[in-house]
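This report refers to the structure that appears directly beneath it.
A, B, C, D, E and F are the chain letters, set down in written order, and residue numbers restart from 1 in every chain.
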Amino acid sequence: MPGTDRSQMALPRFSGIPTFMRVPYCTSIDQLDIVLAGVPFDGGVTARPGARFGPREIRNMSSMTRAIHHVTRFNPFDVCRVGDIGDVPFTDLYHLERSHEDIRRFFEPVFAAGKIPLSAGGDHSITYPIFQAMAPKQPIGMVHIDAHTDTWDNFKGSKFTHGAPFRRAVEAGLLDPKRTIQIGIRGAQNSDEGWRYSLESGMRVVFIEEFEARGVGAIIDEARKVVGDGPTYLSLDVDGLDPVFTPGTGTPEIGGLTTRETLALLRGLDGLNWIGGDVVEVSPPYDPSGNTALVAATLMYEILCLLARRFE
Amino acid sequence: MPGTDRSQMALPRFSGIPTFMRVPYCTSIDQLDIVLAGVPFDGGVTARPGARFGPREIRNMSSMTRAIHHVTRFNPFDVCRVGDIGDVPFTDLYHLERSHEDIRRFFEPVFAAGKIPLSAGGDHSITYPIFQAMAPKQPIGMVHIDAHTDTWDNFKGSKFTHGAPFRRAVEAGLLDPKRTIQIGIRGAQNSDEGWRYSLESGMRVVFIEEFEARGVGAIIDEARKVVGDGPTYLSLDVDGLDPVFTPGTGTPEIGGLTTRETLALLRGLDGLNWIGGDVVEVSPPYDPSGNTALVAATLMYEILCLLARRFE
Amino acid sequence: MPGTDRSQMALPRFSGIPTFMRVPYCTSIDQLDIVLAGVPFDGGVTARPGARFGPREIRNMSSMTRAIHHVTRFNPFDVCRVGDIGDVPFTDLYHLERSHEDIRRFFEPVFAAGKIPLSAGGDHSITYPIFQAMAPKQPIGMVHIDAHTDTWDNFKGSKFTHGAPFRRAVEAGLLDPKRTIQIGIRGAQNSDEGWRYSLESGMRVVFIEEFEARGVGAIIDEARKVVGDGPTYLSLDVDGLDPVFTPGTGTPEIGGLTTRETLALLRGLDGLNWIGGDVVEVSPPYDPSGNTALVAATLMYEILCLLARRFE
Amino acid sequence: MPGTDRSQMALPRFSGIPTFMRVPYCTSIDQLDIVLAGVPFDGGVTARPGARFGPREIRNMSSMTRAIHHVTRFNPFDVCRVGDIGDVPFTDLYHLERSHEDIRRFFEPVFAAGKIPLSAGGDHSITYPIFQAMAPKQPIGMVHIDAHTDTWDNFKGSKFTHGAPFRRAVEAGLLDPKRTIQIGIRGAQNSDEGWRYSLESGMRVVFIEEFEARGVGAIIDEARKVVGDGPTYLSLDVDGLDPVFTPGTGTPEIGGLTTRETLALLRGLDGLNWIGGDVVEVSPPYDPSGNTALVAATLMYEILCLLARRFE
Amino acid sequence: MPGTDRSQMALPRFSGIPTFMRVPYCTSIDQLDIVLAGVPFDGGVTARPGARFGPREIRNMSSMTRAIHHVTRFNPFDVCRVGDIGDVPFTDLYHLERSHEDIRRFFEPVFAAGKIPLSAGGDHSITYPIFQAMAPKQPIGMVHIDAHTDTWDNFKGSKFTHGAPFRRAVEAGLLDPKRTIQIGIRGAQNSDEGWRYSLESGMRVVFIEEFEARGVGAIIDEARKVVGDGPTYLSLDVDGLDPVFTPGTGTPEIGGLTTRETLALLRGLDGLNWIGGDVVEVSPPYDPSGNTALVAATLMYEILCLLARRFE
Amino acid sequence: MPGTDRSQMALPRFSGIPTFMRVPYCTSIDQLDIVLAGVPFDGGVTARPGARFGPREIRNMSSMTRAIHHVTRFNPFDVCRVGDIGDVPFTDLYHLERSHEDIRRFFEPVFAAGKIPLSAGGDHSITYPIFQAMAPKQPIGMVHIDAHTDTWDNFKGSKFTHGAPFRRAVEAGLLDPKRTIQIGIRGAQNSDEGWRYSLESGMRVVFIEEFEARGVGAIIDEARKVVGDGPTYLSLDVDGLDPVFTPGTGTPEIGGLTTRETLALLRGLDGLNWIGGDVVEVSPPYDPSGNTALVAATLMYEILCLLARRFE
């Protein structure tokens, strides 16, 4: 089996049981190189819920994606084996930290087997237990696209909300702030503690104003320099984009990235030492046109192309 | 202040800052007889979230309600003082039991002062901490309109989900199952433990098929007989109605009550010894036409009429 | 030209420029027996606007209607000439009374030529200027289906809002209250003056509770007795139906008529001395599923069948 | 393997890759008793398209269904093996008859192996090729719930549209009109040929007015008498219900069945000699609240209960 | 009381009775520096209505805004007292000029007390009576962001529609056309009289093509030069933005400003002599995703930052 | 009759029976210079249907367009006679090629009479039969705005889907690939055959990345050079724009043209030798906000301005 079974992709796009990008559903990870998974959890949000339905709608809309990239002519399914392993089977839904344990346990064998995961959230709190599952020997680098730095501290009784994963990850020695770049940051706050934490810990914070002023090319250069050639994770919160592109999200902030900018940014990150990625914060109940899920599915495909390059 | 300030009610219905039924917003309960409150919490749901926005949308749509009942010509605002005391100010959102503590603490002074609360949820898990706040000397009676008995036990790590409040209330000696009637029950289940608990504990369970076969009049008689003249609470889950009337809810089950049946049922419960009530499980993100919130607001008005009768 | 050109009706239902029921668009009324017209006006509403788009959406959805009635096998287009004469061309939109003048002027030649109009609103305030245009020698009778009696007096500076047309019509000697029946009335009010006016003037007011208790057959008998064999107008406000059927309306009241009841009621009124009719208060911006327009279009067809019977 | 793998059903209802009712996805029918399948095809519609997305949304919403029936306590998954075999893999989409060939070929091995199919459409034209695949020795009986008799002839160039399947089936000797009952029929037509064909061929046509007048019990008796104990198919077009319950459909007709009536009707058909069934005409693009898919999924579960009874 | 009570802002964003940006609701303006108010009126529109619900939805969505600006770190609530004084209580809704009198009377005491108003519309016709209430000694300057110049004359019987406020304001000596700049103008017209009036009266009209060609920086320079250091009002019609950002508006014109351009433009106007502002033409019934209200609420916050700078 | 009857355009924009841009409905083309027509057909789509309702919604929304262009002050209705001739009256809907015959037959007299057609689709497959109706002596040139080259070959049984029209047109000698430019191309594909066909046949393919890098001015120059001064057709698929502007379409691809870019591009094509045009792929069921239809209607107006220039 040199590549992926593509029989589903040959169906009309309204057909079939929707897996991510219509790759095979796999109950075992053994035969896979890249593992697609869903994390249907929104117990960490601070405002609007709904991201628990994100994996389902991204899978649904991902039937619209296809194989050969129009810019590079690269086909990720030609070079590696990609499968959908389903969703984290939560045993605990009502205590944030215990739900995170479910996530951690689900991803541990994935990392232990050396597979590369690409996950669909779920709210952004899920990235911290994914990092825990990874348990890297050295803190990893990260390109983080988002409206928020997600380095806040306690909120309404928890330090593990979707506003906090990267503060926790730095504290736990999982993430190297000096090899972290946050892009698209914006929106008023009631406290500046998150912004300060990011800056003081050494993260490179690219507010949207800087992004716009310097242009996507300069920010790509900056990102490549920041993360270098060490192992790097890509975390994309769809609220990094302007809510006109991705209205279906929990904490929208106007004035964000366009899809063209986001696509250019991702493509500019080709060739880095990618070890995994996620697309989070898709909340289908707030997405009447379905465009948020379409954007998320297409960006997952773009990230898959990045991850698959190491198998060429 | 013999009655309720009605200046807001004289505005056009698209005007003004929306309190429940446009009663005054009150920071103190001292001058009130009946207390309207919101419990913006959906941390106990098992399927679709969104009920955290229920109080806000019910308030919003309740501007469409008015004062004089068209059947009875009763005006609740003439006989008692009604105010909106705002929402439970949650300090804990990420651990179900701790959130319930917030609810309990909010309602304790309401009951301690002898006020009658009428609450808007929020998911149905909120009724248990309201009962805890009430801390009745004797277990109370209840008329419970719902598609589900909400007497299930543990689910995904908690015994306090929105499927469990009345099992917990019986166990805690807060609710008298023999003075409890559950109306509108229906929908397949993966286990029958909830149905069995209700029946075995002595609750009167009126499945929708019995309701339809015998008619609303017979069920009213039954309900009056079950609860008798002791203190009784009215808990109305909007999923008791058919989802065509109330699509904006977390666990819809087709084949439910109509609005006309529900209105007739409520009006038939006039004169009982009411000590409070709630309308729960309105999830605005699933309510594109707004009808769920309109139904909930109108039913709150009908329940207010029931509660206000003791002040005539 | 013995009947109506039906070439449009032979197109697929998604085709063609939408006139009411796909009858010919006519710039002259001379060749017509029954005149279909739109009154795109919502300047008389008290709550939610949007009925100005009612005629357009009813026309649009009326492509779904067809010719032969499934109960009676009657085809109205076989016995008389039906045309769509377009919309009232308003010259005044910003002063309620002047807008009503536009309506009156538009319908005067219709009545003067002895044509029978069937109009689509617009809000219910439009019926009063239609009655003015009719200028009947004797006050007419009316079957009025609605949640509201529309016999209120002044509201926020005008006596001609959509809550007032039938009070004005009685005062002006256009409508005979003793030959008027109002069916479906319900919903709380801040004052009972409208209900009282209707009752004291001699109108027969059938609240929804009476309708339900006695059944549609009894109400049909009652209506036929009230209006007798004199000239009678049929005015149908879609908020007479439950908002679950017709959410797209300005002042929805839960607990109304079903479509089956409304269809039965209309069919029971066959053979009366009909002189015109209208379907009002369709507000498309509040109709995400389009069902309100579908209901309104189908009820227009049913009313057309009633009006056409005199040409058999 | 005595029953069905239910591990998916134990997940939270927003989790997992959606198969029908979360039964296992099966690439072989060998181990199954009842086969669930999708027919994502709307090339036979006459008005609004979109039913090609019906299987996908019914699968999606069917995660809300569960196992134990609340009236009978029957659990179909306890007595037989149920699997989802995916969708008809169309090779031809642009010529109606050739698409029907695809459907026929897909179902032939199902019937050949003696399995009982329960399909989700797709438009109603799909039932004819399913009958062709069945190729019964004797014409079969049918209970058909629909607003339309679907016994029309040619329309815009084809005799195989969704208005024609049962006329074709009678002509082909697949369906016995004398053992066919059509329930819920209504709505005006431009020609009465379909109604006449049904009546003249001997089908029992129950217009909605008769249904309402006589009540669901009498119609159940009638249906049981008409179909007798011979092999019988159940075909349910969601437009048989009132569009307020099932707005997401191609040719809605107001004034239809309620969900409670439909549920009662189906339950009254228990114990007949069922050989298969389908639920058709769900068009998700016209279903903003998702209720149509919820109704369809729940009715599929009810039909599954009927089909499974033979395995008790 | 040195600043604004922020207890509401500390609640979860789905909680509480929604005032603008969750500032206190004030029945008196005495303790305030900046007054937030709603003008729920759409009696001046020429096309789609609904802006009467603008204040309510902007308030609702403004719970998503927060205090500290991410670019400047400025917190307007630290330097001045901001309160929500509710909505204009209309006594006249059915005659455009009389409704404008209601608006004028509401704002007169605000200006008389030297307070700075920031209003949410309502259609754009409301700005003229606000200017009348201001009754400046000298004609004021204005930065006006809009797709339309709103300097048209009579339309369908009135000179006071939402297409006319600034022509009326110039004629009344309230607005200095030479100190007025209109930005974002575009869209075909049936007459060019409005464009001509603006140009001939001396207003600086920046069509969107000029805006795009020269860039936001150049237009900021131009605006600052045009209005100079005299008293200046900021009037922002959300249809100045592209309707993809603000679909919920009455007269959308494609090809408008982006949110990023609008934010940059507003921030570039810091330090001018601001005396008030408004955000108008939000029509919630046309805003299925809610993004229009989110944009409007966020832009109100940005304008608040401009207005508050004089209190530093 | 020197120009177009504009009486409809003087009505309020919510009034009247909607023709394209409110021009007169014409049953004959004799008096017209430019012919507006609808092609309500989506039988050629490969993914999401609904474009059969495109003409109706574009007509509906086109009431928002007006006469005088804001950049050029050109009024197309002053210089030529424009009429709406309704929709292609399909006699065949269920066999793609036969439906195309209907389209061809409808347009043949239009071209035979030397009229210039501007059509609203329908899916993109309609352009091929329009070209067949034109039957040009020489292959024509084309400016083609789209996300897809539409030069694919066979798909699921047909060579005439909406992915194939321009391959068929080149093969049939109707379209000159060397005088064809395709702008906005993007999105992954499962095969590269379409891209290759376009390039190998000599079409100028401008992927969106080139468009963005070089800017609209450069692409305009390129387009003018490619098509030269020979007869040229303009075909605009709304999926050429980013789906955030035009979500209501069958095969959306993120990262497309903005409305401002599209408007600039069209305006830059002024003065070419235009012989017709179309706007296709508007699918209203996927357009909850209506913006797609608004964009399409406005772009039709812009194209009308291009076409009308030859009559100056």
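Just so we're on the same page, contacts are C-beta pairs under 8 Å (C-beta built on N, C-alpha and C of every residue); 3 or more make two chains touch, one makes a residue touch a chain.
Computed from a predicted structure; not experimentally measured.
Trainee: Just to be sure I understand the contacts, which chains border both subunit E and subunit C?
Mentor: Under the touch definition, subunit C and subunit E have B, F as mutual neighbours.
Trainee: What chains do subunit A and subunit F have as common neighbours?
Mentor: Shared contacts of subunit A and subunit F: D, E.
Trainee: Could you work out which pair in A-F, B-E or A-B copies the interface of C-E, where over half of the contact pairs coincide by residue number?
Mentor: A-B
Trainee: In steps of 5 degrees, what rotation angle do you get fitting subunit B onto subunit C on the CA atoms?
Mentor: 120
Trainee: Interface check for copies subunit C and subunit D. Shared numbers divided by all numbers used: above half gives same, below half gives different; which is it?
Mentor: different
Trainee: Can you tell me which chain lies farthest from subunit E, using the average of the Cα atoms as each chain's centre?
Mentor: The chain lying farthest from subunit E is D.
Trainee: Farthest from subunit C by Cα centre, which chain is it? Let me know.
Mentor: Of all chains, A has its centre farthest from that of subunit C.
Trainee: Report the inter-centroid distance (CA atoms only) between subunit D and subunit F in whole Å.
Mentor: The mean C-alpha positions of subunit D and subunit F differ by 40 Å.
Trainee: Can you check how far apart subunit B and subunit D are, centre to centre, with Cα atoms defining each centre and the answer in Å?
Mentor: Whole-Å distance between the two chain centres: 38.
Trainee: Residues of subunit E that contact two or more other chains, please.
Mentor: 12, 14, 46, 48, 52-53, 90, 93, 156, 244, 286, 288-289
Trainee: Return all touching chain pairs.
Mentor: In this structure, the chains touch in these pairs: A-B, A-D, A-E, A-F, B-C, B-D, B-E, C-D, C-E, C-F, D-F, E-F.
Trainee: Can you check the complex and tell me which residues of subunit E touch subunit B?
Mentor: Subunit E reaches subunit B through residues 11-12, 14-19, 25, 38, 40, 52-53, 55-56, 59-60, 84, 86-90, 93, 288.
Trainee: What residues on subunit A touch subunit E, complex-wise?
Mentor: 46-48, 156, 185-192, 195, 207-209, 212, 242-244, 247, 251-255, 286-289
Trainee: Taking the touch rule as given, give the residues of subunit F at its contact with subunit E in the complex, in rising order.
Mentor: 6, 9-10, 12-14, 64-71, 73, 244-245, 259-260, 263, 288-291, 294-295, 298, 301
Trainee: Across the complex, what residues on subunit C touch subunit E?
Mentor: 42-44, 46, 48-50, 52-53, 90-96, 98, 155-158, 160-161, 285-286, 288
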